[in-house]
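In the two complexes below, chain A is the common chain; its partner is chain B in one and chain C in the other.
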Partner chain A sequence: MIKSLQTEDRFTAPRNLGAVFGRLDKSGPLPWILPAAMCILLIFGYSIIDLVQQSFKYRGEWVGFENFSLVVTDPLFRTAISHNFLLLFAVPVLAVLSFMCAVLLFETRKGMKFYRSAVFLPYILPIPVIGVVFGQLLQLNGALNSALRAMGIENLALDWLGEPGQALWTMSGIIIWKEVGFGTILILARLISLPLETLEAARIDGAGFFRLHSKVTLPQLKPVILFYIINEAIVMVSWVFNYVYVMTNGQGGPGNATVVSELYIYRSAFQNKSPELAATAALLLLLATLIFIIGFFKIQKNANRGLFDE
Partner chain B sequence: MSKRYTSIEKTGITSRQLILILITAMAAVPGYLMVTGSLKTQEEFLNSPWSLPMNPNFNGYTAAWNDQFPTWFRNSLFVTLTAVLITIVMAASAAWGFAHWKWKGRDTVLGVLISLMVVPPVVLLIPLFTLGAKLGWISTFRMLILVYIGLMLPFSIYLLTNFFRAIPASLTEAAEIDGASDFRTFRSIVLPLSGPPLITLTIVNLLWAWNELLLALVFLQSDEQKTLMVGITGFQSRYSLSIPTIMAGMTIATLPLFIAYIFGQRYFITGLTAGSVKGE
Partner chain C sequence: MRLISHREVHMKIRKKAFAVGCAAAVLLTSISFTGATASNTSSRAFPSKAVTLTMWWWGDQEAPGAKLWLDDAVKAYKKKRPNVTINTVLQTTEGLVPAFAAAAAAKKGPDLQYFWGGIYAQQPGWDGQISPVSDHIPASELKHYINATTELSFQGKIWTAPWYVNPSFPVVARKDVLSKYKLTVPKTWTELLNVCDVLSAQGVPALAGGVKDGWFGGWLYSIIGGQSITSSKDVVAAVVGTQKFTDAKHADWWTRLQETQEHKCWNSDINSLELYQAQQLWKDGKAAMTVVAGPDAPNFANAVGASNAVVMAMPKWGKGPFAGKMGSTSQTIGITQWSKNKDVAADFLMFTHEKAQLNNWYKRTGSMPADDRFDMSQVKDPIKKALFQSALPGAPYLENFIPAQLDTDAVFTNVQLVLNGTKTGKAAAADMQTLMERLRKTDRNLVSNFTKWSK
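Right, the complex of A and B next:
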């Protein structure tokens, strides 16, 4: 063994040997990985298999695609999906706002760290807290409207959460408020790591603030912005339960104005006692996220780097 | 420095500062209303929600704390700490298995792990609930902790594997040539070098588990077992006539995070952005 170590490439030899001659005082990777693997297989593997089974059954009986046709024709499910779809409109807004915030922070010398902490702060706050506080803030006679009235723009003092046509957009505004900090930090980190020479060269050539950042910075930030867009799309499709649950007392109200797919699943399973429908809707949701995951991998490939090429 | 800027550039800088101040204010508004509101009386809050509390009083805090806050707080602390601790140990071990040995299918498994990071918890909810019911584990902390561990593992393994792989092979090989076992190499070479990623990971996981609502809501159904996030969700409707109490409760729930953020900001930022495409 020692002989082969000396003759072979030292960077790969020990690892290969460790795997091949696992018995030689070396245990190999298996015992190291096993506990985590078992846990992941139980939580994800078992669950996903069970989910598929449940969505083809009704009270233990195989019913083929009946659950699927029930779910996709359920008006509430369609409403829920359409709300998730509408929330996707927040994604481009988030991308633009994050990019602008990041550029602003990048160009700021004085107090950059302070502003950065402030912008990022909403992202770490618990959604239940955000939901409760915004719920108070946006009451018909709440703090926001009293400020708007004091400023004389009475017309803007809407019933933010109580008006069915309004509630979902208010919700997406709150999600934007929270998520924009994440994008800003992500893009800013990439911006700082860009080579300074190109920026300086463009500046010397007389490129102004807007030209500089739209023509020189933006193209270089494309991978990270794309990553952020996909990440936020996943959030809008499948991670907004907390906002809706907290701000509407678990009802998705007013009426069904803020029911989203996650709430549909939760309510089908635990309030309407029809777990098969919930399982079927969950499976459809999983398939929807899968599409985004594929996009996710595509980006990683296009980033011209492997996962671990440090 | 400032002398070198032209006047046009100066206006640019000032306006950018103004925009940043505006953004900061927008980020801070809910926090401001929450903290000032918690120190007012109901009447003061309704009359002038934006003013500073002129005669700060702590009745809201007393009321919130005398409710079940201490219990919820303890529950959250117990669930979060246990789950995160076990996750870190399992993830570090598994990541070493991924980083130290090259085995067939490793990259595929890592790819699957990455895609598991985006599986929404609500998808797993029903099968896990059925499983928990079969085991008689509904309304037990161990069920929730187990689920949390499973959900935190993919990201944790991914992050640590990335880090372990960046450790120069010469270091671990030197130890092996000296006859150190895999365990010894891991414990005395790899772990001492891994302080920052382990802290980052701990903070990110603590943040996630502390803030988690959906699973805690479903798996812990009795009132004494509620976690803080579930507790404050119901708290809102219970105290709908006393906004200062609600705000005080929210402040208490946010405080641990806020303090951690002030001191460990660097770790929050690296951790929460670490899942992104390589090259940050």
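Right, the complex of A and C next:
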């Protein structure tokens, strides 16, 4: 009953307004989304067309696929892409951690608000602040290693960001630390809105903590977790520039150990003054991100369908 | 009294007209000749309407006091030209090049822009982003600007105006730290490695450095690599492909760098410290030597007591003409192509080279203004005096003669890896050569521009 009223409300409001504007009603939702669509088309459409044009030119002259060939054969570009790919391994870790944190917060009876804020805090901290703090903290003779040495576990005192073999993993650890708050809040919000009857019924049937959350809670959270996974995958492919730039002073070092595709694009455009190569790499990155965006829309569609089916 | 005929009068008038014409022609020719390269700045009336200039600059990082000097200079210029307002924006080290690149792409931004010397000033000129200062400042004035013709000229034009000289880059040594272990200041490479061996056995780094932000790699390339070349033309030859970066004269310095790693010369956290952070180790007495920016060297020496510090060139290993010598480069200011007040900008640049401004620069920063009219007799500090003199017939500063991308992508990165022990010097040289070959393909005008520059 409640659902049908909400649905009715949702559709009657535009209809009433549509009546005021007469014929607009007949053309459906188009007039309502047109201004926003035009803005998006103007901003993104123009940029994408310009990007495509630039990627086929050199200093204004048509060069065909030459830029693509140069970018694809660039070992640094391939290294950057491989680093983005490696960062994708952080996504399942994030999903599991977020789910676990959300469940623990859900089950917490006292101080939930405090713990929730504590988990969410890293997410709202500006990335430059995180970069500077971790940059200092993780120096070979920084606070973390000093503490480890004081505890007698010197073997664990590594050059976290200065050793090429582990710099990327350190970076992904910092990204996980920051991004897990978003996932936790997202999953927790959905968790709170789940019907309690199901959980109670499972408990009465004798389901323990692990069985309850793995067999009852988790399946119900599937849409939101999938959304989070896709969102974080997009982050890892095209949203980690800030971390790398701040923590490595824009170098992607040591060596090229932390260069990611966005840094490659930025350096090509603004340091190496090769806007055409930057445009080409950006176009390739856009295509890669598009795969995730399509996946995101599909999941969103399925999730919406699931909600309406409830 | 003789009567003058009409013909004679006519002849006289013609002669007079010819003489006036000749004089005017001579005058015009001389004016156009002297001002040919300066776009008749002096002959053009200075604008009386309100003018606002924006200047993006850098330099307080290596010449502390530069900000105070610039504030003074802007105030003094306001007194001289009340209708001109100059807004100054201090840039970060990482932001300097990208911020200008973004401004140039939008053709909107500063009227006056700071550039490091050499390629950092050449490239914006090649890309049409700056107007040659020689089009706005008379040659008679520009000839006094130190390093203007060595690093900044291109096909008869001079891109940017040198501001201050950067003796590049002195090593500062602490006598107290060395003498504690019965060591003296090393002058040769062998002596340096010996110092490294003795000090590393005691857990003390002989040299303090930080390569996390990359810049120190470029310094090391210049002060170690400069010892085996015969001229800056060698470097340009390797850039355009007539020599190779794997040739001994270009590659041996990588092996020397590897030796410093093998002899544990550096602080163990060199890869996790930034350039300026690492220099602090020297000030704190935790390292025997470090490398500093030329303008800042006297401040470092004074921080530990001038009698306790030695300012010198990198210990000698090579047999080239520049071995044991310090490099010399001038940091510069250019006028942007899109500036609507180029002549006013040039007028301000010339103002900064007036005697009072040169003296105030020295007073505020203790470093050397890039002008040979600077009165050196006021420099009493022996460290500064020696430093300034070393910069006048200085060695070429190599980093300024290679493409900036080669510097960041091959030098910065490979120095990090060699000092980390994950790459050999030989592999680093090969990587530098490979990247150079690639750059010749990606920057289709590179060979042509560098070839023209070297002529």
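As a working rule, the second predicted complex is superposed on the first by the 261 of 310 C-alpha atoms of A that agree within 3 Å, B and C clash if a C-alpha of one lies under 4 Å from a C-alpha of the other, contacts with A are read in each partner's own complex, and residues count from 1 in each chain.
Everything that follows uses one rule, which is that a residue touches a chain if its C-beta (ideal position, glycine included) is under 8 Å from a C-beta of that chain, and two chains touch if they have at least 3 such contacts.
The structure presented is a predicted model; accordingly, all values stated were derived computationally and were not measured.
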item	value
First, second, both or neither for A:G253, with chain B first and chain C second	second
Which of chain B and chain C A:L161 touches, first, second, both or neither	second
Partner chain in contact with A:F270 - chain B first, chain C second, else both or neither	both
Partner chain in contact with A:G142 - chain B first, chain C second, else both or neither	both
First (chain B), second (chain C), both or neither touched by A:L70	second
Per-residue contact with chain A, leading partner among chain C and chain B	B
Touched partner set for A:Y58, first chain B, second chain C, both or neither	second
Those residues of chain A which chain B touches in one complex and chain C touches in the other	141-142, 249, 266, 269-270, 275
Of all residues in chain C, those that touch chain A in their complex	94, 97-98, 101-102, 105, 123, 127, 211-214, 268-274, 404-405, 408-409, 412-414, 416-417, 420, 422-423, 438, 441-445
Chain A residues touching chain B - in the complex, by the definition given at the top	5, 10-12, 14-16, 18-19, 25-30, 32-33, 35-37, 39-40, 42-44, 46-48, 50-51, 54, 101, 104-105, 107-111, 114-115, 117-137, 141-143, 146-147, 177, 181-182, 185-186, 189-190, 193, 209, 223-224, 227-228, 231, 234, 238-239, 241-242, 245-246, 249, 262, 265-266, 269-270, 275, 278-279, 282-283, 285-286, 289-290, 292-293, 296-297, 299-300, 303, 305-310
Residue numbers on chain B that touch chain A, as the complex places them	1, 12, 16-17, 19-20, 23-24, 26-31, 33-34, 37, 46, 49-50, 90-91, 93-94, 96-98, 100-103, 107, 110-111, 113-116, 118-120, 122-131, 146-147, 149-151, 153-154, 157, 161-162, 165-166, 169, 173, 176-177, 181-182, 207, 210-211, 213-214, 217-218, 229, 232-233, 235-237, 243, 246-247, 250, 253-254, 257, 261, 265, 268-269, 272-273, 276-280
Residues of chain A touching chain C in the complex	58-59, 70, 74, 76, 138-142, 159-165, 248-251, 253-256, 266-267, 269-275, 277
